[in-house]
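Two complexes are shown next, each including subunit A; its partner changes from subunit B in the first to subunit C in the second.
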Partner chain A sequence: MAVATKTIKFIAVLVLALSSFSVFAEGGDQDEKGNLIDSPEEIKEYIAHHLKDSHDFHLYTDNASGKHWGFSLPVIVWTKDGLKTFMSSAFHHDDQGKVVVEKGNARLVKLHSKIYELEAGAATVNFDESHHATNAHKVLDFSITKSVFGMLLAGLLMLLGFGALARSYKNGKSIPTGFGRVLEPLVIYVRDDIAKPNIGEKKYRKFMGFLLTVFFFIWILNLLGLTPLGFNVTGQIAVTACLAIFTMVIYMFSGSKDFWAHTLWMPGVPVILRPVLAVIELVGFVLIKPFSLLVRLFANMTAGHFVVMSLIALMITMKKSFGVVGSTGMSLVLALFITVIELLVAFLQAFIFTMLSSLFIGMAVEEHDHH
Partner chain B sequence: MYNLIGAGLVVIGGGIGLGQIGGKAMEGIARQPEAAGKIQTAMIIIGALLEGLAFGALILGA
Partner chain C sequence: METLINDFSVGLFFMQAFILLILILLMRKFAWKPILDALQTREDGIKNALDSAEKAKLEMQNLQADNLKLLNDARAEREAMLKEARDMKNKMIDDAKVEAQTQANSIIAQAQAAIESEKKSAMAELKNHVAGLSVDIAEKVVREELANKDKQLALVDSLLAEATLN
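Up next is the complex of A and B:
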């Protein structure tokens, strides 16, 4: 019971955070010169910065005192001098490569959310005309970035929630108690409406673990993306690519005899066409299906964040023509509207990813009656 | 410039496709309201496949 109560409190905080996305722009975020953002180029840059991963949480900058609110995250990098760990606050919110952090023999700078190591003997970063660093190289970065933190948080939430659900079954009761009652219908929904119809009654059980994990992982991360913390985990192409590769490996390795026979040597077509079809089918299963999975999730979430951020930025761009109250009201109403739609999209994308994964798995494990 | 025109064309194509899917699904549901759940699921899957195609084109274009 104690765990369930804690979980409910955690979710309550999450929901509270959800309801205040528009807090973002009210803070009057600054560019690096300390001016308020007001030109379209600066807004574009700000949105692009939000869509990327970063090494610290930046929530709010107090314009009068120049103080930053937020918290820093650990940086773990592999340099020529070995493994280095420190907090990202060592960079003092610098993103232009100006602050040099010295750790042993390694000198590190942060440039456009990436960490670079200076070459031996160099004191500052030099740039060529296209603003690429000439005397620094990228390091192997294992940092707990914002996205990694988001994924860990999602994992923790899932462990707490589903741990409570599993424990409540252990007592011999068939009805879960506490927060488990919210989760059980969702689990049954995934089982009865996604896994069973697509994979089949006989074989669905083996894949339930993966499907449930992927469904809740994507859904929780999509919802976290709508909080003012500014996560954009499912909008990172590396994350979605990794999830799509998991699906691909699972259906390739659980393919039945019939699946491989139909893929590599399609029965019922002229022999001369069979190699051609085999190439098409193989490319489809190895490349195109995972690619469409990863691009769909990535593009949907990126587009969603972009639209919400742009609508919030309306209060800055429209200030001249509508006045402060008019532009703020307009952007508030539009951003609220789109955020509600994004709540639906967050569920829909998790559903579609799970649905298509189970569809592909179902294609692979299906066995035919031979006539 | 040209990639913006291309993006517009992709959106037009995707819009026509989604309109067809949604319209036919509505017709189907109106004709057989008890099959609404199944039709909706199939509609979302086809919509997702179409979306994947359109997003692929948009990403390759941009």
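Up next is the complex of A and C:
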């Protein structure tokens, strides 16, 4: 019985994965007007569009019926007229600023995955030569976008998974069962191989909440990005910037006396150099270190998505030179290869982010004995 | 770079900060704290169990060493006792031998002395007897002499033969 259930589950997952993959691949072929996306320019634009955040969860568009598969997400924007909420379906999948949604006194359009508010009196968006809107400005957008949806999903998965692991210890049992057996070594790994060596046996405990959350948050989001659902959360610079700033705030506020003494008034160097060093150290800790964190994660994930999508697109761009079978086979093999590497990168980037965060925290909380 | 800055969504930044903060707080309360505490408890338990096992092993070793020591002591004691007993036995035998020798010697000496004195008294008695005989003989001889000369001489001869027989 149990075997049968497992088999059914496995088949369900397999079918879901295969069907959504084909949906994704076909989605790359068509745009709203029913024209095939088959030129390099169109593919490039499609990839650029994918790398951005989006206001609805769009899987693919049926070419024949013009029907969109997916669901709309809530839009929450702060306009001059106050807070406005509506579903993104109000834009009717328009991304060119053509559909104007009127909410109270605010007129809103969606342009390149961003929501703009028209200036008072304007009815349509005017563009300059470089296709920038001249009579509209961006609004503060708190929408549940695809990325926010992904984050909520990741958060929910974490709460469910690790909550279950935490509960499994409560009945006096010291060894977890089921999926907890997979999660527990990962928690131990973060604790023993990332936090303890970098922060130190005495002080690591205080930072475990942040480090564990960030590690699993990034890893799950990276893995979600590899599914054909098309999440690209850790490829959003706002997301990585936020993560990096969290790290920065934590290590700046938990800095020991020694850390500040070394940063602001470095002992052992000529007095005249000390202010210069203080500036360099401060810039390093406030700007350079968080910047390296945010760019590393952002660039790695964006590049990964870009490469995987480009390789999938090979089956279209190379069709003329290699034939249908040749281009599809090549694309499949290369995309599979890169996807496997991306699977590693997904873990690696989560590891590196957490590792460097704990390293910086370790630098800040370190106490020197030689004074 | 311009596209990067253009792509930076302030709203998304705030949503992310909000979600991350809430997530950290929730995970800390409902997941990380109980998990890490349970792991710590378990590791402490394992460590304690190992420590006590090690201690028990040491105690066992000590006990065994003690037992061995006791055994060796007992063995040595037994050896010593046996040796003592053997020595005592030998000594007793020697003593008894010496005593018996002296006693035997003294008995022999006494016996010799007794023999000597018996011999002396016997000799004295014999002398007296011989003297008496001699006197008797002499008397008889003298008496015979007085009667017959030949007979006197034959008597002396016969008496002398008698005397030697004695």
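We adopt the following convention: the second predicted complex is superposed on the first by the 340 of 371 C-alpha atoms of A that agree within 3 Å, B and C clash if a C-alpha of one lies under 4 Å from a C-alpha of the other, contacts with A are read in each partner's own complex, and residues count from 1 in each chain.
The rule is simple: a contact is a pair of C-beta atoms (placed from the backbone, for glycine too) under 8 Å apart; a residue touches a chain by one contact, two chains touch by 3 or more.
All of these numbers come straight from a predicted model, not from anything done at the bench.
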Subunit B versus subunit C as contact partner of A:N300, first or second or both or neither: first
Partner chain in contact with A:E367 - subunit B first, subunit C second, else both or neither: neither
First, second, both or neither for A:S292, with subunit B first and subunit C second: first
Which superposed partner A:A166 touches (first subunit B, second subunit C, both, neither): second
Touching partner for A:V187 - first (subunit B), second (subunit C), both, neither: second
Contacts of A:L152 with subunit B and subunit C, given as first, second, both or neither: second
Which of subunit B and subunit C A:F351 touches, first, second, both or neither: first
Residue contacts on subunit A - larger count, subunit B or subunit C: C
Shared subunit A contacts, counted only where both subunit B and subunit C touch the same residue: none
Subunit B partner contacts - residues on subunit A that touch it in the complex: 193, 197, 291-293, 295-296, 299-300, 348, 351-352, 355-356, 359
Subunit A-facing residues of subunit B, complex: 41, 44-45, 48-49, 51-53, 55-56, 58-59
Residues of subunit A touching subunit C in the complex: 52-53, 77, 114, 140-145, 147-148, 151-152, 155, 158-159, 162-163, 165-167, 169-170, 174-175, 184, 187-188, 191, 205, 208-210, 212-214, 217, 236-239, 241-243, 245-246
Residues on subunit C engaged by subunit A in the complex (per definition of touch): 4, 7-17, 19-20, 22-24, 26-28, 30-36, 38-39, 41-42, 45
